[in-house]
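Below you'll find the structure I mean.
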Amino acid sequence: MPAEITQLLPAAVPLSWYLVLSAILFTLGVAGFLFRRNIITVFMSIELMLNAVNLTFVAFSYHLKQVDGHIFSFFVMVVAAAEATVGLAIILTVFKNRATLEIDEVSSMKL
Amino acid sequence: MPTSFIPTAADLLRLSPDIVLTAGGALMMVIEPLTSAARKARMAVIAALLIAAAMALSVMAYSDPGTSFSGMLVVDGFSTFFRILVYGCGLLTVLMSVDYFKRERGSESGEYYVLIVFSLVGQSLMASANELVLIFIGLEVSSIAGYIMAGYLRDDKRNNESALKYFLLGSFATAFMLYGVAWVYGLTGSTNLDTVRRAILGGAMEQSGQMLFVATALMFVGFAFKISAAPFHVWAPDVYQGAPAPVAGFLAAGAKAAAFAMLVRVAASAFFPLTGRWEMLMWATALATMIVGNFAALRQSNIKRMLAYSSVAHAGYILVAVTAQSEVGIAAVMFYLASYALMTIGVFAVVTLVASKGERFVEIEDFAGLVQRQPMLAIALTIFLFSLIGIPLTGGFFAKFYVFKAALDSNLTWLTILGLLNSAVAAFYYLRVLVVMYMKPAAEGAGPVDPAGIGIKAAIVASAVGTLYLGVYPSAVLDFAGKAAQLVK
Amino acid sequence: MDALLFLTFAGIAVLCAINLILQTHPISSALSLVGVMGALAVLYLLLGGAFIAAVQLIVYAGAVMVLFLFVIMLLNAQAERTTSKPAIRAWVSVPLLFTFVILLASLIIQRAPAGAAVRFGEFTGGSVANVGRALFTTYLLPFEITSILILIAILGAIVLARKEI
Amino acid sequence: MHQLWLIPAFPLIGFLINGIAGRRMSKTAVNTAAIGSVLLSFLWVLKVLAGLGSLEDAYIERYFTWIQSGIVDVSFDFAVDRLSAVMLLVVTGIGLLIHIYATGYMSHEGGYYRFFAYMNLFMFFMLTLVLAANFLVLFVGWEGVGLCSYLLIGFYFHKKSAGDAGKKAFVVNRIGDFGFSLAMFLILVTFGSLDFARVFEKVGPMAVEHQAGVITLICLLLLVGAAGKSAQLPLYVWLPDAMEGPTPVSALIHAATMVTAGVYMVARSAPLFNHAPIALEVVAIVGLLTAVMSATIGLTQYDIKKVFAYSTVSQLGYMFLGLGVGAYDAGIFHVMTHAFFKALLFLGAGSVIHALAGEQDLRMMGGLRKKIPVTFLTLFCAAIAIAGVPPFSGFMSKDAILLAAHHHAPWMYWVGVVTAGMTAFYVFRAIFMCFFGTYRGTAHPHESPLSMTGPLAVLALLSLGGGYLDVPHYLAPVFGGEHAPHETSLVVISVLAGAAGILLALLFYVIKPGLADAVSRLTGKLYTLIYNKYFVDELYDAVIVHPTRDGSRALLWKGFDAGIIDGAVNGAGSLARMIGGGLRHMQSGYIRRYAAWVVLGAIVLLAAAAGMGGAR
Amino acid sequence: MTLLDIVLFLPAIGFIIGLLLPRENNELIRRYTLGFSLVVFIVSLGLIGAVAANPGESSFVTDKVWIEYPSIRYHVALDGLSLWLVILSTLLTPICVLISWKYIQKRCKEFYAFLLLLEFGVIGVFVSLDLFLFYVFWEVSLVPMYFLIGIWGHEKRIYAAVKFFLYTLTGSLLMLAAIIWLYNKSGTFDLLLLTDMIQKGRLALTSGESFWLFLAFFFAFAIKVPLFPLHTWLPDAHGEAPTAGSVMLASVMLKMGTYAIVRVCLPLFPEASREAAPYIITLSIIGIIYGALVAMVQPNMKRLVAYSSVSHLGFVVLGIFTFTQAGIDGAVYQMLSHGVSTGALFILVGYLYERRHSLEISDFGGVSTPAPWLSTVFVITTLASVGLPLLNNFVGEFLVLQAAMQVNILYAVFAALGVILSAVYMLWMVQRTFYGETPDAVKHHVTDMTGREWAAMIPLLILMVWMGVGTQSFLPPIRANNQKTLEMVQPQAPAVAAAETPARHAGEVRHAH
């Protein structure tokens, strides 16, 4: 690796870099929710948002020199897993009734 | 960090209602497949007994208030009030669901009651948790159970859609909330409400006040979603309309009460130092919520949807009391939720009955001539609707009264006046149901309403009696709420 | 060195996330998500989260995402049709999202607590032992509650999907 | 105690008997109750007056507190003084005669009992009016007689014109009452009492600047009231229409008694008017104008009762002239004599109408002199009385007024004289058209029964000799004894004017019939104007009635009420629904749009939070 | 448990018993309601003695805690102001039962139950001395009336009922805000206590505050009165309501507004009331004339009477805001008179409707011929309504106009115009309805009054005359109470009033001149 590049970069990464990365990932998750039309992809976008949150937890945990943040992200993973189970089950029923995964076609109730 | 993970006796007592419910729920899951189809009604009885036991235990637990599980859980008046409230909602929902599933699916289903029981655990945790992550987990327990219940009739398109919308949007909003929690954790070094509060008072504010404020805003997105405050209410009409009527009642009453409990506790304990700056935002949210709920409800023809909008509007009234940011306000929130739970469950119980198999009759016009077809049912519905309007001698009146009293106490004069005018607007759409029910003849072919089972009858009578009781003698509940409103000693 | 590692894996995560959004076929999206998760696992390691990095890979990227893939396969989900009327106009959403991310990022850059910069190996509190101890003492209650969550999830799956398909 | 209250109480009892049970009673019983009650009342008047003796001062009886509140403290009091004594005698006396007459006249009419019930009720209110010891009790009688007038005018209620006339009478009277009641309120505010005695006591010592302002205002408002009741300009329009009622009613109410209530009231308030010379002047001018104007209309009418009705208006004008020039006694004197001869005129006319089975048009009469001689004779007596032929009653009273007018302002005298000439002309015109020439009608005239002719005879005697009752002198203690000096030349002139009128009538209608038509053609438009009563009714309709009614309908009701207020109310409702319609479009049904709302909300919140959070 | 409590709660008990009666047996329900309401009336007569003996003070006081916090008390009492209004309510209820005997054929049970509930509500409004309790009753009375109009009304009944409900509710919600505000300031809802605090200066309101509070209260009351231009719900409500509904609405419920102005607005906000008086008087005078003019052109009898109510109630408001003894006495007396005579008018219009099934004046004519007694009674009632002396309305109008003259001659002049106009529209209606040719439709359908109909009318006819002549039976308690109110509104008033009141002259015979 060329030394110039190494020198351009700081020796240690500031905490805010992690946090900004987290924010970007979170926003990308939101964007996924808004732009994708496949229900499963939309759901995956939510998972992306949760991942971003986890990164924040872990980053702050480092900053605070505590273990608690890790525990929180662990809980978030469990929740995500549970959500995934239920969510996919719901998606299954929707698919069975409508034979589509197009999110905009699940819009019979409105106004 | 405690050295032993063996909980003390006091810890267990304070958690006992949830323990009982969890254990009972698990047990029900075991015996459910072993029960013959004809005897599934037993599951409802077991669920009811469990909930009743949990109620009793939460009263007992209150005899020894305090925190437990390393400050995770707090048993105080506030949490006890909401525990009993959500258990009550659960109990009434169990009662009114008995006939519903028999009618819709031809047989009872035990899992439904297990879900109610588990979701009550979640709601009770939302009310009694003293730690943001535990609150989050409680919220997820309650919500995930809710998602499943909303889509319980899996062959019904409306149920599917309702569940999907509720699930996707719910998870979406919770992610925001969680992001806020993460920030709060980073900025204050803790997620324990008391510690957070101390940290904020102790200097976190000076260091990163702006971020902290934004973090609360992120959390508020999640809270506002759950209490269906505008503009985060968008899910509510679709979900309530699509969900089975008893479930819609449960969501509108119990889930909303728990969400408010969580909002109030977080706002009044951890972020109390910040709430002063939240006033303008809360003010606007409360007003927007009332307006959106009431005005949109004017144009609804489906009664479940109308009630959903009305539920949004009521959230707005409650937010008025939250905006007041005083103990009087918190007491008003508590009283309001109690009476709102009774009347809204009552209304949904009546709707459940009138709707008939497949929920065919859920248009307002389908209530025509109800007073002749089913006078007692009509009288009960009248009581609930008057309570929703806020006519004296019903719980809804005192609820509004306390809310606006609290608002005026905090000099929110304009919000009060706008809120009162809003409730005049609200009268219009409730009156429409009354008009149809009393003043229009029954439509051709509208036969007698299905005979009501004992469960739903009990639910309706209990809600009506409760609504009237709160309307005539609100002191008992209000006194308790008043005492419990002091969240931070 | 730290910076380089960070930038590399941050880049991977962001690219994968963007790919997740751009792909129309759910399987591509799912695989992108796995990529994000993997990259994040590395970042966790950098932050001293040994346990969490492992869990991220095993449970999240491994189990949960497999579940996703499984369902996608099961439903034989196709790529999104392009003709469908867009529900959200991009010219509304994109500026909105940019505002959102710039708001957050600028706030973080300007106001985030200026602690010590992150150096790999400086903090090792996220070991399995530490996590385990905290989980069974301070966080006993939430931990137990998550079991209910799992129970409900199982129940939900049964209720909604049993005897189906 | 002389139990004054019995005087009105008798007719009231008669009213109650006939009103409640009359329908089931025989005619005899109805007659007994009706006439008996009035007779008892008359006798009781005589007894009371006899018992009270000379009656130099007012005699007051107090009964009970009626309304007491704040400055208002009014009790039900009756009083008698010489003024009311005269009125009592006239009212009960004439009333009795007319009641008797009516038994004959009404014998073939439906609603016989109802008629007498109303008549008795009228007597009750009229006597209350006369006996009142304060303004409010007077007002009770005042309104009451108006009511009875309304009821009796509309007696033939199935005829639309009768109902209209009744309503018109009531409403116009109400306009008068409007003035009267305002005057009352002002009196109460100014003097702190409504008792005649206390008010008049206080008016004397009052400061002069008050007299110019408040008292004049009070008097003018009283005049409005009096003008309404006594059919003076511009409120006279109801009286000619009031002839829709049965003829005895016209005689009793619209000639002899009720219409003179205004005169009585002004005379009663003389102490007030004496302190308001401007008001008095107005009274005189109004009276004079009314007298002239209605006399001219009387010249052209063909309905026999209308002729006499305009004549009544004209004579009432005379009385007001008398009051206005300060000759209250003369005015009251004329009230009395007028009661005699005008009642007689109407009753006689009634007898004619009765004979002709309802015919009232003079052009359909003629030559009845021989067919109904008694009626003719009595009517002729009345005619010479009203025409001012000496030495009969009309001459005496009218002369007193004219002399006083000359004393006050000579031009008033001259106008009065001209009017007297016209009066003589139109009365004799009626007499001649009716009784002379040849019969032009189709009915079979027959003389009336004794119950009708009897009262006619009595009234004829009174008309001829009534002038010798020296009323002005008797009233001296009430109004003070000043009289205008007697000037023979003036008397002669007025008598000549009357004679000219009679002769002219003789020329036009007996000697050369057809001349009248020629004259009317000659005067053309003027004649049309007068014949149509100066188009006053039409004017009122066009200026007041129609604009009010149409304006109320179009502008107030449809425009303001339904349009603006309800429009605003309903508009608010529609607006709310519109807002609701807009708001529910947030609910597009698309999950992703919902998410966009959440994001939008979150961004707004965050931006606000970042903004506000930065403050610290 | 005082007699007043009994009178108040009897109708509520009757309501509950009524609900338990069998739905099919209409005759039983009618008889029961008639009997029950008569009992209430008779019991209520027992209230008169004690109040008349001590009119300036509260009698039959019950003051118990209802709700501890906020301190809401069941505080009821009766004084000279409320006494007659309570009696009027109890009297009119049995009359309403009588007149509905034939009129109401469908859903009898509910009808009579609502009637009793309405009685409960209105009595409650008149006797509560706790603002909160007052508000509760205020709203409670709204509900049965809403149903009475909405279920048993004519074609546009639903529009009318909803309009009525929303109009009133909007006003009363603002009142609720004001009540709460007062409570937050003072810690009590008790009217007497509040009055005392304000009079003694212990509750200091800035003039801005008291102005807005006054306005909030007054707005609610003005809608109920209804004061121009808030009156447009009234013609609709009256026009569409069943007879009994119109009667209760006109005779009792409108009085709730004016009663409340005297009871609440004046003592609590004396200065604001005084400042607002010219504007309110102007509005009320506009209302007097406007109501009369619009009444004049109404083709529908009930709407005509409704607009006449607007006009008559204008007198009441005018009287109140003159702040003179005579004015307020007259206003209260006018409330009662209007209750009797307009109630009677609505009853009679209802009789006509029962016969001809129309309310359009043009569908009638010549009714006098087939129904002379009906027409006689109608005319008497009309005369009472237009304020003929010796009948009831005259007294109130006289006092009010007198008071107006005391304040400003122009007030009196314009208000008196209303008296003229009332004669115009009333007599015009009488003439078009009862006089003239009798069309066949009328001849065939219209019959004279029956015994039951007489029974409903006779008490009212007696009252018209009694209240017109024997005012001393009614006025003294009213006067005594108003005197107290006046002292609060105008601290300097009592001395002046005493000087103005002429002493009653002694001796029966007195010679003048």
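As written, the chain order gives the labels A, B, C, D and E, with residue 1 at the start of each chain.
Assume a residue touches a chain if its C-beta (ideal position, glycine included) is under 8 Å from a C-beta of that chain, and two chains touch if they have at least 3 such contacts.
Just so you know, these numbers come straight off a predicted model, no measurement behind them.
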Chain labels contacting chain A and also chain B: C, D
Of A-D and D-E, whichever chain pair has more C-beta contact pairs: D-E
Between chain E and chain A, distance of the C-alpha-averaged centres to the nearest whole Å: 68
Separation of chain B from chain C, taking each centre as the mean of its C-alpha atoms, in whole Å: 31
Centre distance in Å when chain B and chain D are each reduced to the mean of their C-alpha atoms: 77
Inter-centroid spacing, chain C versus chain A (mean Cα positions, whole Å): 4
Sites on chain C at which at least two other chains make contact: 87-88, 93, 97, 100, 103-104, 107-108, 112-113, 134, 138-139, 142, 146, 149, 152-153, 156, 159-160, 164
Numbers and ranges of chain A residues touching at least 2 other chains: 19, 26, 29-30, 33-34, 37, 42-43, 59, 63, 66, 68, 71, 75, 79, 82-83, 86, 89-91, 93, 96, 103-104, 106-111
Touching two or more other chains - residue numbers and ranges from chain E: none
All pairs of touching chains, each written as two labels joined by a dash: A-B, A-C, A-D, B-C, B-D, B-E, C-D, D-E
Touching residues (chain side chain A, partner chain D) in the complex: 30, 33-34, 37, 42, 103-104, 106-111
Interface residues, chain C side, partner chain A - complex: 1-4, 6-7, 10, 13-14, 17-18, 20-21, 23-24, 26, 29-30, 33, 36-37, 40, 43-44, 46-49, 51-52, 55-56, 59-60, 63-64, 67-68, 71-72, 74-75, 77, 80-81, 84-85, 87-88, 90, 93, 97, 100-101, 104-105, 108-109, 112-119, 123, 125-126, 130-131, 134-135, 138-139, 142-143, 146, 149-150, 152-154, 156-157, 159-161, 164-165
Complex interface listing, chain D residues touching chain B: 573, 576-577, 579-581, 583-584, 586-587, 589, 591, 593-595, 597-598, 600-602, 605-606, 608-610, 612-616
Interface residues, chain C side, partner chain B - complex: 103-104, 107-108, 111-113, 133-134, 136-142, 145-146, 148-149, 151-153, 155-156, 158-160, 164
Chain C-facing residues of chain D, complex: 588, 590, 592-593, 596, 599-600, 602-603, 606-607, 610
